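Per-chain residue numbering starts at 1, and chain names A, B, C and D are given in the order in which the chains are listed.
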Amino acid sequence: MKRIGGYRRARESYGLDDIALVPAASTIDPEDVDLSWELGPYQLRLPFVAAAMDSVVDVRVAIAVSELGGLAVLNLEGLQTRYEDPEEAYQLIAQAPPEEALAVLQRLYQEPIKEELVGARIESIVEAGALCAVSMTPAAAGHLAPLAQEAGAHVIVVQSTVASAQHRSSRGRVTSIQALCESISVPVVVGNCASFEAARSLLAAGAAALLVGVGPGAACTSRRVLGVGVPQATAIADVAAARDEYFHTTGRYVPVVADGGISTGGDVAKAIACGADAVMLGSALARAEEAPGRGFHWGMAAPHAALPRGTRIWVGTTGTLRQILLGPASVDDGSQNLAEALRTAMGMCGARTLREMHQAEIIVAPSILTEGKTLQFAQKVGQGRS
Amino acid sequence: MKRIGGYRRARESYGLDDIALVPAASTIDPEDVDLSWELGPYQLRLPFVAAAMDSVVDVRVAIAVSELGGLAVLNLEGLQTRYEDPEEAYQLIAQAPPEEALAVLQRLYQEPIKEELVGARIESIVEAGALCAVSMTPAAAGHLAPLAQEAGAHVIVVQSTVASAQHRSSRGRVTSIQALCESISVPVVVGNCASFEAARSLLAAGAAALLVGVGPGAACTSRRVLGVGVPQATAIADVAAARDEYFHTTGRYVPVVADGGISTGGDVAKAIACGADAVMLGSALARAEEAPGRGFHWGMAAPHAALPRGTRIWVGTTGTLRQILLGPASVDDGSQNLAEALRTAMGMCGARTLREMHQAEIIVAPSILTEGKTLQFAQKVGQGRS
Amino acid sequence: MKRIGGYRRARESYGLDDIALVPAASTIDPEDVDLSWELGPYQLRLPFVAAAMDSVVDVRVAIAVSELGGLAVLNLEGLQTRYEDPEEAYQLIAQAPPEEALAVLQRLYQEPIKEELVGARIESIVEAGALCAVSMTPAAAGHLAPLAQEAGAHVIVVQSTVASAQHRSSRGRVTSIQALCESISVPVVVGNCASFEAARSLLAAGAAALLVGVGPGAACTSRRVLGVGVPQATAIADVAAARDEYFHTTGRYVPVVADGGISTGGDVAKAIACGADAVMLGSALARAEEAPGRGFHWGMAAPHAALPRGTRIWVGTTGTLRQILLGPASVDDGSQNLAEALRTAMGMCGARTLREMHQAEIIVAPSILTEGKTLQFAQKVGQGRS
Amino acid sequence: MKRIGGYRRARESYGLDDIALVPAASTIDPEDVDLSWELGPYQLRLPFVAAAMDSVVDVRVAIAVSELGGLAVLNLEGLQTRYEDPEEAYQLIAQAPPEEALAVLQRLYQEPIKEELVGARIESIVEAGALCAVSMTPAAAGHLAPLAQEAGAHVIVVQSTVASAQHRSSRGRVTSIQALCESISVPVVVGNCASFEAARSLLAAGAAALLVGVGPGAACTSRRVLGVGVPQATAIADVAAARDEYFHTTGRYVPVVADGGISTGGDVAKAIACGADAVMLGSALARAEEAPGRGFHWGMAAPHAALPRGTRIWVGTTGTLRQILLGPASVDDGSQNLAEALRTAMGMCGARTLREMHQAEIIVAPSILTEGKTLQFAQKVGQGRS
């Protein structure tokens, strides 16, 4: 603990950029590495979850990611359920000049959600034989979760910036996570959390998986706007500790999904080493040719009417979903062939499975403006110019 | 304590950028959060104080901020009391080319202060039914404070870069803070301080509130010019500790107002979590349409004749005072809707009142050139280009 | 140890940029400093090893570096053994526009290796009377090492991103380092490693020298792509400790060669002070007029078909091999006259030999964006513009 | 102590940018602050020493600085003693295009030193009634020091990158510092040193003042080229501790002069607070209208024939010597009116004398890319463009 001043003490924390993995003395052939994990009754070949963001996942992407071995989450409160044909909305977002992008987002997300589209989107995914995960906010979960279950969704994701098993409001009770988990028969993934205590109470409430990450992501500005946030390496390790404690007590192993700030193979490997069982990918997949965002990316808090956080950013289109997840990479910046990068890293760390990777040696490495960062940063500055 | 070298030891310190807030396991509905605080006999609905800077506060802004629920401080040694009609001065400042801005400031502030304008400005504010706070330097306080009280000011602010209850000078005694507090019947806010000891002696001298902040602000260059300064998180926590000790001893609760380096909702939330009861806003409000600075901002040390510190900077005009304080935000960078941002952060931290927020969990978070900072910095570099 | 979160602990680590050398109270005339070291039966006058990269070493460079007193390593799996006349390949690489460079590299390295060229290149070096070192990957070593020995190579280097004395693969056994060292009669240099444990097992396997460095170099992006890497000062000191322990146990002193992130005289001096006996130079020598890369530099992982790491970068041509290694310097950035820089640094630290330099006082110095770095960085950003 | 790796331990160190000064609870009127100090038999009104660099000091500057109350050091191995009329040399340096500047410097400094000019320069300064200090390297001191003394110099400065009381060389003995101090009757200032041990031995050898600073300066690249350097706050505090110990033992108080990396009022105040009695100014004074460098600045290691360190940099011309040292400031960046800045800082820290300032409270403040640095850095990047 560090002393901030007066009586205030604070723990030190670490982002994924602040750590690195130490190669083991004994290594493993990457081809022998197993990347599979389990979410409730489902076994997934790849620990990659496409984020519940409109710029990343539509029905087509959900099906494609499932076929590649990962999981995609369709947001039930986004453009897909507000517009019968959302193409025009995407078009307007992509065409808006930078200074109007936020206003365009705010306007387009005022269109009400259509119940019939909720069902239709889910059915399209299920009928394609894909694993279907859909997300909603806690406030909407009481209404949308039963609808989604009825339509055949395999996994329900209840996601807000900060998830809480104990939310107090004078406006009457929001459906509690526990009540939801008990009333729904499919696995309920809950997030986001970023601390041992919060994770413990969400696990006790029945979460089937936990999303970890408050304030670390590129398309999210929680720390700037709200001051709230936990660097991701620390958040993952804290939540993983709650997960392990819960597993030792109950025998139920609940996967931890790192969400936010993960865009390269290195980020993935370090998140797994900190204790995650999978990673949620946002901007990394917004770069896919199949991504509905057309090279743009925005978070689901960006269109907020009164307190927008994050806005539309240009990430470009760099390759196919397959290239990004399974390679071969056509770029050298770590953003493609995430599976091979993870296998290679795990081999170097002597880990045959994701859970063995939880034991890899971590080192605190001076991260800021090391050579790589400097170049990366210089490029960003440079790109800002054109 | 760290060892600098030889016998020299130094404490580590933290700026608001070096910390973050950890969401609690138990959250609260932002609508149930109470942002009120008390300054002497006055209850204020919002913990926002408009800084005693010419680019931020004139009579009109003082009235408007009071109506919105905050407090504005009019500087009695600025343009408002030097010029019957200060519009021309503001015009000259706004029109000066960058290389002449400092000289223009230095020249305009050589105009003497007019006693009749001191009274007139205060009366305009009071007559509008607004809470009227006015500021002066310690050297001028013996003269100006009685004038201000007579004219009806509700709050007197005695402010210098470094406030001291024990100031030694061979040139004869400056009116002491204690003598001033005893001779004036309205609350006397004193600042700035940045340490436990200084705060303790100012509290004992009778300060009605303390301004915290030496060297952390954007329009202030104390650290560069003088080497003096304390990062704001540490300064607030130290002063808050003196406040708490004084409260436990005397039963008098003296609010702490964080002044300097606070421009986003995140800064506000973190300052409150460190122990502040309110925040003073400078550049954040200089961006308001109503701000007299016309998109420019400068500190009150900038026009110093012999040792100017800080100069005129361009902050732009981004929205109305109401948008900045109460929203809705039309930008996503955390600079608007500060009240909603603070309520949201407090809800996430499970704090119903500002004083409950003083217990929120703080974490030391690697601040420098994290993703957000990098982009922010890249933007600054980029803006420097045009 | 720092606590990352939950049960995860991590050691702090240091790059060469994070440390500096403290001058001793007692100094030595640089002319009295001895820079020699021993590799197996060979004594070398200079502790400089030209990296086994196609942009750095061809037959001509190998001979020139040997004549100057250092050692150059020719890569047996690069352009030199894939093309009878590799000039055209170099030309294509140098002429490729930036966006096509990676694809050109990937294509050119698909040409098969020719056994006859392996022998021919080695013979050309040996016949010139130079010390001949050649490198290969572990996977190719079973095949290439005997060929190289037969052709007269004096030193065999078996190099991969992460070397391991215990590599497990279901695809059948790769030739083990130990088996290789036993079957080959010339010294076998092994790398790269970055930890005490890995170094200890490679020493036990019979390595004649160890290459240290995983993820710290400018033309290598292991940390970004894989998350794996150890800052170089820590890696060198850890491996040197294993070397010292092995020496005290067995009496065999095995030199440690720092590989990666070393481009200035300061880097060289600090690497030696951390415990290295020599340094491997990549980009530093790619800048030589004699370098085959024509001002370009790329790592041997860059042409990887599925997961390229690093790409072609422009380093420019700044002087001759002699100027870079022995001076006189025509530039002032520390990139030339490395021998004199090292002698001067050793003199200041009171070290007469490389092994005395292992005892020089190190200090942890705040490295990031110190004046020098800032300027350096600003230049990079600036160069990015043109 | 931090563990770098293996058996290597290293102390943490701090630059002036890493610390800040905490205002005291009890302050002093800046007009009551006394800035005087003593060097041997001489009392100086200002703790400012103009650096022995050709871009900073010629005869005219030496006289002017002395009149203002400071001390200037004329380099006896620079242009002033190589050329009867050095104006042409300065002209050539100022006119050289950037890529030729280093070569021009190297060529101009090959002109031999003229004994008659050594005497003439000193006499010009002495005849003007100014305090005359002259510098030389240890290698030249045996020859030049007696000449200088004979010509009437009041202070001899023997300066090299790293001063040593015990220098071992097989080429025969360089005149030792101790022998020199014993043979010369005027005060001998020695430097540079950066550690307790080195300072202790130089004090024992009879130094009249110590110059502190190895590798921290803007026009010096010791850390980059040689790896050698100690951040200045730590170096000053270490040397000051040796000075204090020596004073307590012998009763002789030897002033410590901080040399390197000091360009703003904040740097000055922090250097004094760390234990310095005066500061040596290089680039800060190269900006003076009277400076011979014509807006350019270079260190005395820049023209080195074989291993140049640092080169000609453009610092511009911003004001007169008087403005820089005594104000009034016409800029707000802390580079002018250093005396008033120091007085103000000392007043805030409650220090009436320089030696009281040695007790000011220091805090470790996160320095890198704080708001100020970011802007400063952004400006540099910006300036790099034009």
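Everything below uses one rule, namely that a contact is a pair of C-beta atoms (placed from the backbone, for glycine too) under 8 Å apart; a residue touches a chain by one contact, two chains touch by 3 or more.
Every value quoted in this text rests on a predicted model; they were computed, and no experiment measured them.
Visitor: What shortest step count links chain A and chain D in the network of chain contacts?
Guide: 2
Visitor: Compare the two sides of the chain B and chain D interface and say whether they are made mostly of the same residue numbers, over half shared, or of different ones.
Guide: Different-residue interface.
Visitor: Taking each chain's centre as the mean of its CA atoms, which one is farthest from the centre of chain A?
Guide: D
Visitor: How many degrees of rotation carry the C-alpha atoms of chain C onto those of chain D, rounded to the nearest 5?
Guide: C-alpha superposition angle, chain C on chain D: 90 degrees.
Visitor: How many Å are there between the centre of chain A and the centre of chain C, using C-alpha atoms for each centre?
Guide: Spacing between the chain centres: roughly 38 Å.
Visitor: Out of chain B, which residues touch more than one other chain, so two or more?
Guide: 11-14, 234, 368-369, 381, 385
Visitor: Check the chains against each other and report every pair that touches.
Guide: A-B, A-C, B-D, C-D
Visitor: Touching residues of chain A toward chain C in the complex: what are they?
Guide: Residues of chain A touching chain C: 11-14, 16, 19-29, 31-32, 196, 233-242, 244, 264-270, 273-275, 327-334, 337, 340-341, 344-345, 348-349, 361-366, 368-372, 374-376, 378-379, 381-382, 385.
Visitor: Using the touch definition from the top, list the residues of chain C that touch chain A in their complex.
Guide: Result: residues 2-15, 17-18, 102-103, 161-162, 164-171, 193-195, 197-198, 200-201, 214-218, 221, 223-231, 234, 261, 302, 305-311, 367-369, 373, 377, 380-381, 384-385 of chain C touch chain A.
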